[in-house]
Amino acid sequence: MAEFIRSEGRAADQLRPVRITRHYTVHAEGSVLIEFGGTKVLCTASVEDKVPPHKRGSGEGWVTAEYGMLPRATHKRSDREAAKGKQSGRTQEIQRLIGRSMRAVFDLTLLGERTIQLDCDVIQADGGTRTAAITGAFVAAQDAVNGLLASGKLSQSPIVASVAAISVGVVHGTPLLDLEYTEDSACDTDMNVVMTGAGHFVEVQGTAEGQAFSRTEMNQLLDLAEKGVTELMRLQQEALRNL
Amino acid sequence: MAEFIRSEGRAADQLRPVRITRHYTVHAEGSVLIEFGGTKVLCTASVEDKVPPHKRGSGEGWVTAEYGMLPRATHKRSDREAAKGKQSGRTQEIQRLIGRSMRAVFDLTLLGERTIQLDCDVIQADGGTRTAAITGAFVAAQDAVNGLLASGKLSQSPIVASVAAISVGVVHGTPLLDLEYTEDSACDTDMNVVMTGAGHFVEVQGTAEGQAFSRTEMNQLLDLAEKGVTELMRLQQEALRNL
Amino acid sequence: MAEFIRSEGRAADQLRPVRITRHYTVHAEGSVLIEFGGTKVLCTASVEDKVPPHKRGSGEGWVTAEYGMLPRATHKRSDREAAKGKQSGRTQEIQRLIGRSMRAVFDLTLLGERTIQLDCDVIQADGGTRTAAITGAFVAAQDAVNGLLASGKLSQSPIVASVAAISVGVVHGTPLLDLEYTEDSACDTDMNVVMTGAGHFVEVQGTAEGQAFSRTEMNQLLDLAEKGVTELMRLQQEALRNL
Amino acid sequence: MAEFIRSEGRAADQLRPVRITRHYTVHAEGSVLIEFGGTKVLCTASVEDKVPPHKRGSGEGWVTAEYGMLPRATHKRSDREAAKGKQSGRTQEIQRLIGRSMRAVFDLTLLGERTIQLDCDVIQADGGTRTAAITGAFVAAQDAVNGLLASGKLSQSPIVASVAAISVGVVHGTPLLDLEYTEDSACDTDMNVVMTGAGHFVEVQGTAEGQAFSRTEMNQLLDLAEKGVTELMRLQQEALRNL
Amino acid sequence: MAEFIRSEGRAADQLRPVRITRHYTVHAEGSVLIEFGGTKVLCTASVEDKVPPHKRGSGEGWVTAEYGMLPRATHKRSDREAAKGKQSGRTQEIQRLIGRSMRAVFDLTLLGERTIQLDCDVIQADGGTRTAAITGAFVAAQDAVNGLLASGKLSQSPIVASVAAISVGVVHGTPLLDLEYTEDSACDTDMNVVMTGAGHFVEVQGTAEGQAFSRTEMNQLLDLAEKGVTELMRLQQEALRNL
Amino acid sequence: MAEFIRSEGRAADQLRPVRITRHYTVHAEGSVLIEFGGTKVLCTASVEDKVPPHKRGSGEGWVTAEYGMLPRATHKRSDREAAKGKQSGRTQEIQRLIGRSMRAVFDLTLLGERTIQLDCDVIQADGGTRTAAITGAFVAAQDAVNGLLASGKLSQSPIVASVAAISVGVVHGTPLLDLEYTEDSACDTDMNVVMTGAGHFVEVQGTAEGQAFSRTEMNQLLDLAEKGVTELMRLQQEALRNL
């Protein structure tokens, strides 16, 4: 089968241009606009001095996430969830994934009885919004934690590792890194991989949209994902080094 | 009473710096980021080839609006309306106001059986979000209509006038133009004024937050609003002249 | 343009017959049926020894309102909001207006930690339901406060002024006072004006339904409203003088 | 056991004063205020030229009911169902009962493809609201049908019998007719009985609130109910004879 | 009129085969599968060490019930209530009936501040699900109470009588005991009768689905119900005697 | 690290006893009770002659799933989703997974414009409910398709492969097949794997609950899953061979 040709001559194992803009808005303790090509997600981290009921009195904190998409972030307008009166199953699935991914790198006992609430809102969508959200949310969370350390509210960082995520998929038989929307729509297999700085997996979610996928394809996709996440982590650290 | 001193030495009858960025996102038929100082609202216009039930078969179109605020657009995080499962009374009040304001300058018979859906989402809030939304939504709507004219779907513009809006208020006895958040919180009277290019009123919504206001104060506020809206309309036209 | 002829030979600046019936139902601390012509609204005031969360422990009280319309109060039956599972934007807008209007004449620190809940339910609608509701709710609230004073629960009235409201509008070019339904449907401009006994404004909400309105029309409408509210306040006081 | 003494010297088998006021509001095709002592229910009948999905194309009509209670119809204010976003189980139970009771005396094939919607709204409650609602709704429905006959939309009445309802109960060992609120709260057994003009039962709903009841008590209660319903039907006919 | 012939040669006053299986699932404090012919209801009793707000601090307990039906328990699939976002009026009516029936045989002061929550879920439906649910829920509740007694959490049983329920109805003129689905659909009158071990009534709910019913028919139905409930109580006791 | 000892001496790569009971209830076109040890899920397949809006007129069918858990399927009672008025994020995530898994083995063009609705209701939970649901739902779907073939409504089966699912996880450092509840609660990594009869992957969902997992662990888990799914498919076929 002829290899799939990507837009703008992108290689199969190449990320789209990634941009991480910190301090994008002024009120949040962490505020990051992350761009994976045409996908733009605003990730804010809010620190609140309370925890949900199941953590009250435990001395531990909580980290959680919510996800939303502006109605016209997409090619075709989608209905506003607030107007419909409920979040879709897709939205809930994504925000649960972001929350689990962030908690995987937090030591909640070191956070104290406070909550870091991550809000990931898609301003413009072109595939990979959930992986951009995780990658950006980590930077926002780090900024929020740095603020707590700077103000003396925390003496030790509760963040035990970095975390980032990327999508991979098989499109017309070719394994590709960081799918954009047209690739995502055409793919047979779509996989989202969340990894820590130590190269371990936090989440692997692979779905056969068309054909079921083989163990060999799975291994190719995981190889691509490892490459992509390594690159994303370099970009996260670079962004965090700047003021 | 000593006159109220505004931040950054702003005069009582002076707008905050206004910025109108067209084509802010790529998918919508009109997409405008409007900034009134620290208030930033993304206004998109989506054209859909259908109308709500009460217009079906009428040959007329419809123009409507929805409003939202990102959870951490504000100093303190507010709950996500999609997660709570309903829009607040405030949100509904604002989006009804935006919709009426836009319809006031549309000839729906000239629009044909299509809908222009305006989505106004507050990225960052510092007072005056509803007036910024109306002012920006007009530009987005104009871009969407220009697209319909350019593609030949419309032969005559259904927009019969321009529309813009500004807030005015009495703060510590001083009538002020374009209230920012700290002024809005402290004001006795808060008024939102929506006007057409012809200098007529589309909406006047004045509320005594503290002291009731006199007819004299009302007249001072309307004078300020007329001045502010005239300036906003100049900025709208300037933005629309650029590509 | 020929002047608009009103039903039953009513003058442009004339109220419909107003009737205020106190003690309309027996359980509420205040219970008033107010009629503006064919518009009939039952306004009850309920005193509760608790306050909403944002007032707890503040020593202050709260005054709030809810609004409803019986399904067949109108020409055509409208769906029951309780059955639909939510209040319309219009309902929320009106009940927020009533609540703000009542709080404008209350000193909440004098009320103590209790709530006066005003329920305004439209039994029959013929235009002006929100202004009738505000005018009637004030009488119900006064009755409730009188009860608290009589029983010694309050030693000083928290009511610092009277409040009443009327609609005005421009119909076929003629400014009119107290619009009935057919006038309201035909009007170019519709304005609801809430004023205190001192002749100051609490709320001014003007909307151009058709043509935008000029500053001159605005002034004519405010003149009419002042006249109407003055008359309503005389009727409120008259009603309150009787047992 | 000493016999229970009723308020105002009412006999055990005596109804409270019943008043049926037709044409209480002006818009509905039938509009009846029915009073059983201190219980006041507004029953409107609305005729709509459509039927619910399960009747579409059947040639048959539909009769249905909704029930509501104004928040301060009762001693203590109850939350507004529209604000809470759902009807209580009690409300649904009552409106289903009213609907079944009305359909029991309608020949839906004679009604044609139209709906008679009965709205029963309690203005003031003092026990027996559901039985008052059924008794009043029948009169409103009859008025609506008479209108359809008078206008020639129907040539034959779809109403095949009259229907009325009354509550009975055992209070402190004494079987009583037409319980008022204080009796209802104190009763061991509470029964609502819906009957046709032919003396047959449409609904019998008996509930032991305290002690379970014997077959003998059941028979005493049914005797009382038959007496009460017979009297109510006389009052319905009397009301319908007047203009 | 020829007598109605029942399936499998069942006599008019004969129950369907009844099976009561205790310990059907392992986690609940009481877990009973009850079968009335083809109707199968799983009734679980859960003991919780808390009470609803209206009982807090009272020293009394609470007994309540919820009812559900699996989507394909019936001939035609019905929508899942959890997916629709609300329980139907029918569901609420039934679970309120089960709750009242159970509370009728409980002395809540002897239960202490705990709740027995009964969940009645219909696995397969063939008429009479609510009466099977009541009959089975009593056995589950008894098992839960026996557990509390065995563990010493209670020293005296709060259950003061047994309770069971059966449906009766008039089908084509014949009074029948324990209606199955096809009989229920065809019946003129449908009555659910809940009785205590002492032979007294807890609930009688009779509804004329077609023709209104006479006092004579009512008496015949009550006779049948008494016979049926007596038999059900024998089966409950038999089931409880086994381990 | 010492190897984790499983209950009842189960080997690390051993399934719990699996039981598949077809025709468990009578109304559904497919009805299967599947048991993985103490986990019991009722899976019904309902055939409906309609498709959701996005498939109307396409000539294609649809396969979808819903998932629920009886309130007391678990150790501690969980609130009924129908009573809460919404399905949890977890429920939606699971039912979306089941739906995608089933569609992966259906050729929707061969199904014609009809829907197969799979309802998976957990009667008793002890870990692995979603994988049991997928495995059982396939058998129910096969029964429903066989019925369509037998009745001549379909001439060719739309099922193109079999599908089954199993959970695997790392508990205290040991990779285990088919986690039961206590293992699931203690695990560091939890992975659900859905595979076709051809040995390809439909879904792989791995989550690090505690420690992130290495590529080596991932490979061990996938090996275990392949073994387990192969065994489950043998049991599915065996069950389907019986009448």
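Should a chain be cited, it is by its letter among A, B, C, D, E and F, assigned in written order, with residues numbered from 1 in that chain.
The rule we apply is simple: a contact is a pair of C-beta atoms (placed from the backbone, for glycine too) under 8 Å apart; a residue touches a chain by one contact, two chains touch by 3 or more.
On a predicted model such as this, the values are computed, not experimentally measured, just so you know.
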item	value
Any chain in contact with subunit C as well as subunit E	D
Longest centre-to-centre distance from subunit F, chain (CA-based)	C
Repeat of interface B-C, chosen from C-D, D-E or E-F - more than half of residue-number contact pairs shared	D-E
Centre-to-centre distance between subunit F and subunit C (centres being mean Cα positions), rounded to whole Å	59
Between subunit A and subunit B, centroid-to-centroid distance (C-alpha), Å	33
Whole-Å separation of chain centres (CA-atom averages), subunit A against subunit F	28
Shared interface positions of subunit D, touching two or more other chains	85-86
Interface residues, subunit F side, partner subunit E - complex	25-28, 31, 38, 40, 42, 44, 46, 48, 66, 68, 70-75, 77, 80-83, 85-87, 91, 117, 119, 121, 123-125
Residue numbers on subunit F that touch subunit A, as the complex places them	86, 89-90, 92-93, 95-96, 100, 104, 161, 191, 195-196, 198-208, 211-215, 218, 222
